[in-house]
Amino acid sequence: MSVIVTATTILLLLIGVAFFLAGSMGLLRFPDVHARLHALTKADNLGLGFITLALLPQAADVWIASKLVMIWLLTMLAAATVSQLIARSALHEEDVKQEPGP
Amino acid sequence: MIEAYFFAATVLLMTVAVCLVRVLRGPTRADRMMGAQLAATAGVAILALISPAGSPAMLDVALVLALLGAFAAVAFVKAATIDGAGDPEEESQ
Amino acid sequence: MAPAFSALTLFDVVLCVLIIGVALCSSSVRDLFAATVLLIIYGVFVAIAWVRLGAVDVALAEAAIGAGLTGVLLIGAVARLKITESPAAAVSRWQFAAKVIPASLGLLIASGLAYLVLTVEWRETLQAPVLANLPDTGVLNPVTAVLLNYRAYDTLLETSVLFAALIASWCTTHDDLWGERAGLRQHTRRAGILATFGRFLPPIGLIVGIHIFWAGADKWGGAFQAGTIFAAVWILAIMAGVIDAPNATGRSIRSFAVAGPMFFTFVALTGVLAQSFLIIPVMVAKPLTLAIEACLTLSIAATLMLLVLGAPRRSA
Amino acid sequence: MLLDLAAPDFPWIALSVAIPLFAALIAALSSALAPVVAMIAALLCLGAALWTAVLVTTHGAQEVAVGAWPPPLGIVLRADGLAVAMLITAGLVSIAAFAFARQAFSARTQTPETRSAYSFWPLGLCVLAGVNAAFVSNDLFNLYVALELTTIAAAALVAMSGSRAAFEAAIRYLMFALLGSLFYLLGVVLTYSTHGVLDIRLLAISAESGPSTIAAAALMSAGLMTKMALFPLHAWLPPAHSAAPAPASALLSALVVKPPFVILLRIWFEAMPELVTPTLAQAFGALGACGVLLGSILAMRQERLKLVVAYSTVAQLGYLVLVFPLAGGGGAQQPWAAGAWTGAIFLTLSHALAKGAMFLAAGAFVEARGNDRLDSLVGLAREMPISCFAFGLAAVSLMGLPPSGGFTGKYLLLTSSFASGQWWWGIVLVVGGLLSAVYLFGPLSLMFAREPALAVTPVSRARQSIALLLGLLSILLGLFSEAPYRLLQVDRPGAAAEGFT
Amino acid sequence: MNGSIPFALCGAVLVGIGLYGVMAHDHLLRRLIAFNVTGSGVFLLFGSLSALSSGGATGAVPQALIITGIVVAVASTAFVLALVVRLKEEDVDAPAPGAFEGSSEHDDHAP
């Protein structure tokens, strides 16, 4: 199809993948739970968001496109909730005990 | 185009491999759970990326994963509370 | 000889390596919680492998059960056991033997299977008859046709397995807690994040479940996948404190869990009228299959929900 | 009515699965009805099985293609002599177990409903449905599901008493059983992927012995041997079978370990007879012999009656696999065709009846004395003659003394071992019989000792005579062995008479 | 090379890893995890052999059998977990040392 659409898709893909990479690096390198959680949420929402955006122009029909958007929204909702909960739980866990390292 | 999707998906697989390290190292359970969370999201992204190569049914798998990906984490935060059935928000007040 | 390089093959190989890596980590990591989390991740990637093998029905089941319910089950148990590390075992000669014998057996079986995979000419011939007889089954999804028509008897026994597992897990109830609510008494902060999530997600889950159920007759999915999704959102609503867990052995939930297999067995028994067993007549195949699927879905949802919540327990 | 119940193709065998299933579901809904429903279901099963036996002996083996789909697409249920004999035994033992259980697990006597009174009935009926399904199914994967149904319900019966030991025994049992299921399933997967069929009869036609077929047969056998507690995979059985309440123990020891053996027979004799080499057959026999000796020796050293009986199950199951080296042995010289094969099945049947009787008698002793320690059995014969007599009759059958069913079975195995020149298996049979006499003589001599009995809680005569009936049946099986012998010959596999060649 | 060969090999390796875990681990939950790994390895092998023989996707019959197997596996897992949790509660009420893990007097390598 049109070169512009393809180029946009690939660019958006790259950005999405880059966010995932950054997220996992953050998860690996950041010093404490809360910083890591921060990295995680970014990767979750933005990475999947950009990949969804990249796939949208290529979607065969509206049904598939809307499903893609729905998946993204659902993941965002779940990720936001879960990260909040994990953050609070981690606070609590730190209070209770500090598990030994690896 | 499909090739590009699969390359991207392959890179995502590798990012998952990276977050396995976090799951293995911990140190807290929250850290390990976060690794699972990122892996689930990456799984959703990978499914979305490889679905154009097959049937649209594959998007439904992504949908189910997106829906249920958070369940384990919810079970975890519930179980991590004092009586195992509470809400971390109750306890942080 | 060398395969044409393609991104698809590369992806498949990396996926397989990753799955094996996750399995190895899960088997070797000392922390029990980590092993459980790794099993959840493992489920996600096995589901992707199923997608790559063109088995969408299995992928849906694996995503819902392997990556969803099994994780909830195990995490709940690990947390309840409050054990993080495997006990540091004293290293003795027997301990060593206890690792070496399984390791060599595992290696033997894995390499034997791999040898067979590469050398035997595999034959799977049933796909043609499955498709040829599809018009008589009233459904368009061949997997549903196998599950609810050609091999419906397997499914009948399988729902009985679920039923038996439910009664069996009730059997672990403390005698004085018989008839109490399933699992622990759940509570959350009113209008907190968890409660809101538990209010918001189940309707979406219901829609997705109905979609998977409906698509099951014609395209992919079906009773088991939809039932698992319903069970999952049911559990979420309970964990979020939106609804109370049912009385584990209460009359209403009992009938819920029993209705599906009972209807199915009843249909099976009516086959006796035709001097056979478990006949789905062609004329009513579509509505009858849908009715069986609907009953099964509800019962599977109730059974899995009760299995995951577990027997009634005292709060700490 | 449209129904022609007397027609040879009426699906009676399907009913022997569907009826207990349906009854289990009803029992799960209403615990008040459960004991009655269970008894009706077991009686119907026995009736259906007996009627099928009549049909099968007159019309030959009977088949039901479930859903009218012929294999390989569909699943076939098949009633040959072996299946019907097992169905009848399952009906008899479950009637006895359910009748004995009525008092302990009746919802009427226990209001409000209790855990064990509620769950015993659906689980017991699931066991009955599971074993019946395994006896009649001719489809390897369907057999897997039937085995799983049996295993889960059986493990729950083990855990039923709610004691620590019971939970431990149940977990241990499940670990072994689930591992066995995995091996079996792996074998099924390889079979299907190689031949494209799961039906045992079709497999017999298509099976050519490639490496994957051999691997599949080995894996399935390993799994089934785990599930039937064959040496050296027997360690789970004694704690599990002794921890369960008496009627559940009867179901477990008499019935639950039998389907794996029947499937083992079907795989090797019907589906892949050409795979058996003499070495393999001797290896099977060696495992069986080890099981006989080890089980007997351990049985002697137990201090609790239920453990003695449970270890004796390990020993008795060992005899069964002697069928592999002995099948077809010296067929020409024998008065009865397929002697070893028939003998092994006679042993299976008589063991089921005798073990059911023993565990029910042991249950009566436990109720009377509050425990099952051997030293508390002293002088019980005077207080509970019926139960002691039942135990004695069952012991006669287990020792293989004439005129019991156990004797018929052992006699057939012995003749073929000597006729085929494999005297060493004959020695195993004789020594095993002597050892069983030793370990059963201990409890019997205590029961019939002249010393006065210790304090006894009365157990009703009616309930005691349930065990007596089963014990009598195990003797009658030997006295009137003509009809069961004829039944077993219906559609028996060729390898049973000719041996593995 | 057929596209499903990697998955078939992967299934074979998973069976090996899982069986090792089921037999070698002391802790019951770890055995249960290994049990689930083995199960999905068997299923993966099944599905990919079917895909291998048809040269395309996994057939309908294997898919149906695998779904049945997955449901059976989750049912058994749930039951074993219920037993393990209950046994642990017994220990809390009346602690017995070493009772919870695979217990050393059992021949753990034998199953």
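Residue numbering begins at 1 within each chain, and the chains themselves are lettered A, B, C, D and E in the order written.
Heads up, the rule we're going with is that contacts are C-beta pairs under 8 Å (C-beta built on N, C-alpha and C of every residue); 3 or more make two chains touch, one makes a residue touch a chain.
Just so we're clear, the structure is a prediction, and the values are computed from it rather than from any experiment.
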Walk from chain D over to chain E along touching chains and report the minimum step count.
1
With centres defined as the mean of C-alpha atoms, identify the chain lying farthest from chain D.
A
Where are there more C-beta contacts: C-E or B-C?
C-E
Counting in whole Å, what is the centre-to-centre distance of chain B and chain D, each centre being its mean C-alpha position?
47
For chain A and chain C, what's the span in angstrom between their mean Cα positions?
26
Centre distance in Å when chain B and chain E are each reduced to the mean of their C-alpha atoms:
22
Hey, how far is the Cα centre of chain C from the one of chain D, in Å?
31
By the touch definition above, chain A meets two or more other chains at residues 74, 78, 81, 85, 99
Identify all positions of chain E at which a residue touches two or more other chains, and write them in rising order.
15, 18-19, 22-23, 45, 49-50, 53, 62, 65, 68, 72, 75-76, 79, 83-84, 86
Hey, what residues on chain C touch two or more of the other chains?
8, 15, 50, 52, 54, 69, 78, 80, 113, 122-124, 126, 130, 150-151, 154, 158, 161, 164-165, 168, 172, 193-194, 197, 201, 204
Touching chain combinations (by label order):
A-B, A-C, B-C, C-D, C-E, D-E
How about chain C: which of its residues touch chain B in the complex?
6-8, 10-11, 14-15, 18, 21-22, 25, 29, 31, 33-34, 37-38, 40-41, 44-45, 47-48, 50-52, 54, 56, 59-60, 63-64, 67-69, 71-72, 75-76, 78-80, 183-189, 192-195, 197, 201, 204-205, 208, 211-212, 215, 219-221, 225, 229, 232-233, 235-236, 239-241, 315-316
Chain D partner contacts - residues on chain C that touch it in the complex
112-113, 115-116, 119-120, 122-126, 129-130, 133, 149-154, 156-158, 160-161, 163-165, 167-168, 170-173, 175, 178-179, 249, 251, 254-255, 257-258, 261-262, 265-266, 268-269, 271-280
Residues of chain A that touch chain B when the two form their complex:
6, 9-10, 13-14, 16-17, 20-21, 23-25, 27-28, 33, 36-37, 40, 43-44, 47-48, 51-52, 55, 58, 60, 63-64, 67-68, 70-71, 74-75, 78-79, 81-83, 85-94, 98-102
Chain C-facing residues of chain B, complex
2-4, 6-7, 9-10, 13-14, 16-17, 20, 23-24, 26, 29, 32-33, 35-36, 39-40, 43, 46-47, 50-51, 53-55, 57-58, 60-61, 63-65, 67-72, 74-80, 82-90, 93
Going by the contact rule set out above, which residues of chain B touch chain A in the complex?
1, 4-5, 8, 11-12, 15-16, 18-19, 21-22, 24-31, 33-35, 37-38, 41-42, 44-45, 48-49, 52, 56, 59-60, 62-63, 66-67, 69-70, 73-74, 76-77, 80-81, 88-89, 91-92
